[in-house]
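Would you mind keeping the following structure in view while I ask a few things?
Note that the chains are named A, B, C and D in the order they appear, and that numbering of residues resets to 1 at the start of each chain.
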Amino acid sequence: MPQATVDRASEFLGGLFTSLTERGRSLFKSSSDQPKSKDELIALGEALLSRRGEATGVAMAHQLLSGYDGAAEDDQLGFLDALAEQFGPDLAELTAAVENFHVSGASPDAASQLLKAAEPRRQELIRRLNLAPGGTASLVRMREAVLTHLRDHPQLRNVDDDFVHLFTSWFNRGFLVLQRIDWTTPANILEKIIRYEQVHAIRNWDDLRARLAPADRRCYGFFHPQLVDEPLIFVEVALTLDRPGAIAPLLDLERAPISPKDATTAVFYSISNTQKGLAGISFGNFLIKQVVEEIKRELPNVQSFVTLSPVPGFAKWLKQERADEASALLDDSARAELAVLDAPDWQDDPERADHIKPLLLPLAAAYFLQAKNARGLPLDPVARFHLGNGARLESLNFLGDRSPNGMRQSHGLMVNYLYALGEIEANHEAFAERAQIAAASAVRKQLPSKPLSSEPRKTNGKTSAPLAIAPPA
Amino acid sequence: MPQATVDRASEFLGGLFTSLTERGRSLFKSSSDQPKSKDELIALGEALLSRRGEATGVAMAHQLLSGYDGAAEDDQLGFLDALAEQFGPDLAELTAAVENFHVSGASPDAASQLLKAAEPRRQELIRRLNLAPGGTASLVRMREAVLTHLRDHPQLRNVDDDFVHLFTSWFNRGFLVLQRIDWTTPANILEKIIRYEQVHAIRNWDDLRARLAPADRRCYGFFHPQLVDEPLIFVEVALTLDRPGAIAPLLDLERAPISPKDATTAVFYSISNTQKGLAGISFGNFLIKQVVEEIKRELPNVQSFVTLSPVPGFAKWLKQERADEASALLDDSARAELAVLDAPDWQDDPERADHIKPLLLPLAAAYFLQAKNARGLPLDPVARFHLGNGARLESLNFLGDRSPNGMRQSHGLMVNYLYALGEIEANHEAFAERAQIAAASAVRKQLPSKPLSSEPRKTNGKTSAPLAIAPPA
Amino acid sequence: MPQATVDRASEFLGGLFTSLTERGRSLFKSSSDQPKSKDELIALGEALLSRRGEATGVAMAHQLLSGYDGAAEDDQLGFLDALAEQFGPDLAELTAAVENFHVSGASPDAASQLLKAAEPRRQELIRRLNLAPGGTASLVRMREAVLTHLRDHPQLRNVDDDFVHLFTSWFNRGFLVLQRIDWTTPANILEKIIRYEQVHAIRNWDDLRARLAPADRRCYGFFHPQLVDEPLIFVEVALTLDRPGAIAPLLDLERAPISPKDATTAVFYSISNTQKGLAGISFGNFLIKQVVEEIKRELPNVQSFVTLSPVPGFAKWLKQERADEASALLDDSARAELAVLDAPDWQDDPERADHIKPLLLPLAAAYFLQAKNARGLPLDPVARFHLGNGARLESLNFLGDRSPNGMRQSHGLMVNYLYALGEIEANHEAFAERAQIAAASAVRKQLPSKPLSSEPRKTNGKTSAPLAIAPPA
Amino acid sequence: MPQATVDRASEFLGGLFTSLTERGRSLFKSSSDQPKSKDELIALGEALLSRRGEATGVAMAHQLLSGYDGAAEDDQLGFLDALAEQFGPDLAELTAAVENFHVSGASPDAASQLLKAAEPRRQELIRRLNLAPGGTASLVRMREAVLTHLRDHPQLRNVDDDFVHLFTSWFNRGFLVLQRIDWTTPANILEKIIRYEQVHAIRNWDDLRARLAPADRRCYGFFHPQLVDEPLIFVEVALTLDRPGAIAPLLDLERAPISPKDATTAVFYSISNTQKGLAGISFGNFLIKQVVEEIKRELPNVQSFVTLSPVPGFAKWLKQERADEASALLDDSARAELAVLDAPDWQDDPERADHIKPLLLPLAAAYFLQAKNARGLPLDPVARFHLGNGARLESLNFLGDRSPNGMRQSHGLMVNYLYALGEIEANHEAFAERAQIAAASAVRKQLPSKPLSSEPRKTNGKTSAPLAIAPPA
């Protein structure tokens, strides 16, 4: 018999959030919402920080934000620059606090005084701007502009720091809410899923439906009470009978769904951040862990949690290796062999594909396990994300993504990361403290043991000839 | 025909907040929720700030907070002290930043570096504790404890500053939601209204019903998405045909409600903060203004927005004046006359009451308009609140509150403050910048013009004999 | 981690039902809502059935119902009588259909024609009255009036039949929704629980809270979409460690709740119908079965589902037996002994209670198993309800209810009925077809085997002396 | 400031309806849901009507309906036939009742007895089938099958009558809820809007978005609590500055929306029933009237409520007129002229279009005002619907719909019906009682006054030469 009782306390809240939606915000539109000049914006900012601002804070914050939103780009940029300069800390007060600290010694009180004196006035200004209906969304967009201009306006770096400081408090994980997204979700949310999907583009509503509606599909996002019609991040999940190596069967519009009760594996095949203005405030780690909990509760038979992930940096790295005559990974014959990768549609020629596979997978293993960036971490950003979360590199999948984008960025390579609950903490610590990479032995075995060549060998430990040892520089 | 369509986007959110309710939190209870010793709590705090904490932050934050909640008071206090000392800023780093600032001069970058170095480690710790389900509520309680111990543990002042800093961000007005509270509100919320009412105690559920259910009553509160079953502040409103001078008729269980369509006046007769742990983070100003907007939209015929307010400091101040032989406000005959105030139940004797009224009201006018605290502001805290919001002292109501509490704190005096929309900003600025008090001329006319005596005169400017001028010290 | 995702489709509906609530209905009040005379009501009824009624049906239905609600009792009764007479079937048409049937024979078409011709015009009138906002609630009240007047106005019997016919469709179980009622339920619903409780009166809100808020208590009701702020029937449930024999410990305000996870037994200790106007349209059977399903899903460890039930007819029956000198159940000594039941507060005297117990329980067994009404069914109405549902009489509890009402109606006796899922269907059939009563052998063993006397013996089938067979008359 | 308070009573209900949604129903799927043979279905039906059915009604109803849904078409049809025959009235009982009526005369009691005896057993069976979760939806589909087979199985007529009888009660307007449908509506509802739109096909989600999301568009539907993810009927509305004559500008994806505050006119441009199984249970009348109320409340400046309607029967009728040599409407030259209507894409040739217009509009006027069906009503079904609701035929719009479908069914003609609130009742009565058609004088003036010919004249009553009177036969 179906479940019919629910938690009433949550229903009580159902109507609380109208004011925070697009429709709610539109109610607030008024005739004073004129675009403003840079000087008007600055004057409004000063007024909002003044005593007068206390009496009419909400209206004034709204006026400034809507005036900014409509302003010419030059005026916007002028306002951002003013945030950096005019709305910095009170330097006289700060200098006095420093003197005091210098003189009286590093007491907690002196430190506390310093902390207050060092706080830029723009922090309070941003807090007051957040009074406006829809203020948070406007401020996220404003920071997106700060990021855009950072290269040419380095003075905005401090402004950005303050945005990050405040957003870190406002978007604290404790304020985020996990929400399942499915075919009964409002269309205005769903169209954003289409727009924001970054990994495997959603072509249209039929494609979206195929990812949300079938019984063996799940999608979850984090929402913030102040940005209710915007998922901050979302993950798409397929429930399967085993660990998949390729993306196309998962996205096939014609596939037959399985019963969720039969599923043993949950595959995280796409995870997308949505708000550029929240760059650097990380949610993905929490999202994956909470979704794992969620699925475990709903479907106890699902025991294996893996990703099916792209390898966005592989093709670029390999191109550099191929160009680098000093590379110890490749000998001349291998280089010649790899030319096939430059041929269009080589992946559709089974013979060529079979031939290149035993070359490509060891190179991929080297890319993940040996190639490092300046900080000693894996080159691949997706690898850094999942390994940093405590996942393990579980397998390399040749031609897992035959889409144009997949071929371009990784010669079709996809990988699985495994979230093994018992190992997450240890993996995380080893990676965070010693940059040590958790990888399945099957992956480690694919590492080349000497410069790769085109001589006969077998892959996956099956039939490969011994490989030359080729530790990367 | 009744309204049947609603904002769907808000409904989408209806279920989002289960995890934040009491019931949701109870789901999270686990066997590891043991009381912890001070040392365990500190160790958990350090772990949560370490790299290891990143992987299992939610669980660890929950463990610390539930361990703290169950801990002995000594252990709790020990943990708070550790917050003050062990989790302060990194003094070495801070000293270096100060040196740098001292040497290289007050550049924005040096200021920014100082700001970071001066941030106590406990700020990040508190942010991470907020990851736990129900974390915000626990932290509000923790700060309540900080406030309790402040007198005996002055080192907690800096801890309190950090709580205020973070709560100011978290409880930014932009994150609060106005919610009407009525007889269809869930009982678990309503019992908190009974518990938290601070002005005119709610005796039982019948009393509560009489304040919420009739068509001419309103109640509104601010809620925070993270504390969904706790109103942060609420205001009770009566819709009336004129400005009331006494509270008893408003609270009378037997009164006949009027039709809201006939009402011309909205009377804010009780406003209560609920969370001691949020002391100093002010919402009342915003609440009153938003409720005014709300009522204006619903009932355009309501044109007058007044309070019916207690005068909590009047009796205490008058006692001091009577004891102070140097007081220029009272001559001997007036002092003798005022002895009636010490008689029990004098208010029930019409003759005595009539006699004392023309003495008491001028004293009340002096109390509001002339008596000042050390900062030059009115002595009365309720007056400071409403005048600071931009309201005007509109009238003095003799024996407006005959309850024991009303007689005790103010000899029965109540007052109305008027929120005149066109004046609010000017009133606020005049008060904030020049401590200038907005008062109706009818109130000003009641000021005594010479030491008050018991000689025949009339009040309310009608037939009173001229009073001596008696400016207070 | 707490559950945070919900069924969105249900949220979509959250706002659908405003129009059906008390508040919604109040919006519809208009100046034309005047009390109406009998003749006006009848004229409105005719107009509503006419062509003109099609164009303005909603308004006209509202006018009639609000006019009826406000009308004098004589006018109301006059309208009900008109329903019986003026709004009966079209007798001419019916006579023609009968003729046709008579002549042409009992074909399905002739039967169908008869069915149409025999439908009284008031059925369509009642359907049209239901167009009004709140119409269903008004019609339920109207039928309550019909029932009240039935004895003196026997012609209303046919009107009642039509109400039952329509209500049976409208309140079909398929349209009812099971809803858990707890401490987060809106207060306007909860006050109705207090008002409607029929078995163990709820004294005040604290008593209500003690029945709803603890973790080991449940309450469920059926709601109808058209009567959303009215539970139609509700049941109160205690989760316990064993089958209770007395009500007081369950209702004790000071008791310590147990963890629901430890509970093995769900006790249905109160079930109340709420709408007199729905008398005869039965929901209790469905409610108990669905609540059993609900609890089984939530708490798999709960294996035993029993009631703790009153015995409303026992004292009355026993009085008759005692008065009936021909009763084969009692000999003179037993009659004398039973006089103790007439003493006030005998239950508080352990000696008397111990003495009367072995007399009273066999009589109770006889009351349940042998005493029958005219239809051959048990005298006790509660027994007929639960036995008819397929439950089994499981045990007789001496002094299970020491409240004045319990002493008065059943000399303190309570009983348990057991809902054993595997037996329900067989029990139901045996009872429905052969009036066969399912009872535990422990109950059967308590049957007296000869006229009861005061001679020494023991109860509960343990060591009692043989009792004479004493079939009731 | 945005609206933030809502009706809490409606939120309380938010979760009530999970059990009624697609997802809820899917939870109920069980292993016993096997397709059933005709004989099994009939046996289940008999069991459900028996005493045994009372104990396990819900499960048995579910079994029958899911068994029917999965059954072969022959078995389904066999079951429907059994409904007609085996589950008819008890003819013996009915014959007895007829006898009694015949003998004892037409008393109300005899009529009541007849009514009961004439009720076919299938009525109770259908009521019991409705116990199953999702039962109502299954029964609506079952009646759709009845309608499909009616022509070949005339015995199903009586079954259909019983479905109509019950559905009329269950889908009483009082149980329907008006719900606005917009871009925040769940996608599973929206895809049904796409599927069910019958007037101007919705090509894709972009087209849907253009009809729902802009500020000057509205869509409303009636929902039933038991069929929550199915709109029963919906209407699409455009808010405009004047009465439109053509559909294409309204549906133009590129058009610029206006502010709803500026709108003076609400245009109902599409109204679609969705459930074939509810044919004959009419909602459209109520829907339009309630939407008018809804818009009037939201936008008081909207004063004019018109449709922009298709004319589905015009081309067919005109073809007959042209073929009918006896037609008094057309002379030979007109017939010749009208040949242009047979040319493909004549509407794109301005010259031809200008030429044919003064011929076509008088014919349209005649089609609406003079052509009648067998019951003396207008030929056009859309006209019958709106005129029957009390609307007035307001204007004839040449080439209002240039889509292939529009050209095919009405040579591009569209019309406006005006819902003038003050006239609705009078119009309705005149139409219902005297088949009198409400039409604007501008339309009446377009009636041809003699057989139409191709001679020079002008239309719109402005400068046309006198036309011969040509009343249709």
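In this section, contacts are C-beta pairs under 8 Å (C-beta built on N, C-alpha and C of every residue); 3 or more make two chains touch, one makes a residue touch a chain.
Chain-to-protein mapping (UniProt): A, B, C, D = Malonyl-CoA decarboxylase.
Please read these numbers as outputs of a predicted model, since none were measured by experiment.
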item: Fraction-based call for chain B against chain A, same above half, different below; value: same
item: Centroid comparison with chain D (C-alpha atoms), farthest chain; value: B
item: Centre distance in Å when chain A and chain C are each reduced to the mean of their C-alpha atoms; value: 58
item: Chain centre separation in whole Å, for chain B relative to chain A (CA means); value: 41
item: Centre distance in Å when chain B and chain C are each reduced to the mean of their C-alpha atoms; value: 49
item: Numbers and ranges of chain B residues touching at least 2 other chains; value: 1, 3-16, 18-19, 21, 23-24, 58, 133, 177-179, 184-186, 188, 229
item: Chain A contact footprint on chain D (complex, rising order); value: 1-8, 11-16, 18-19, 21, 23-28, 58, 133, 183-188, 190-191, 204-205, 209, 213, 215, 229
item: Touching residues on chain D, where the partner in the complex is chain C; value: 6-24, 51-52, 54-58, 84-85, 88-89, 91, 94-95, 98, 101-102, 106, 108-109, 111-112, 114-116, 118-120, 127, 130-133, 135-136, 155, 157-158, 161, 166, 168-170, 172-175, 177-179, 185-186, 188-189, 223, 225-226, 228-229, 285-286, 289, 389-390, 424-425, 428-429, 432-433
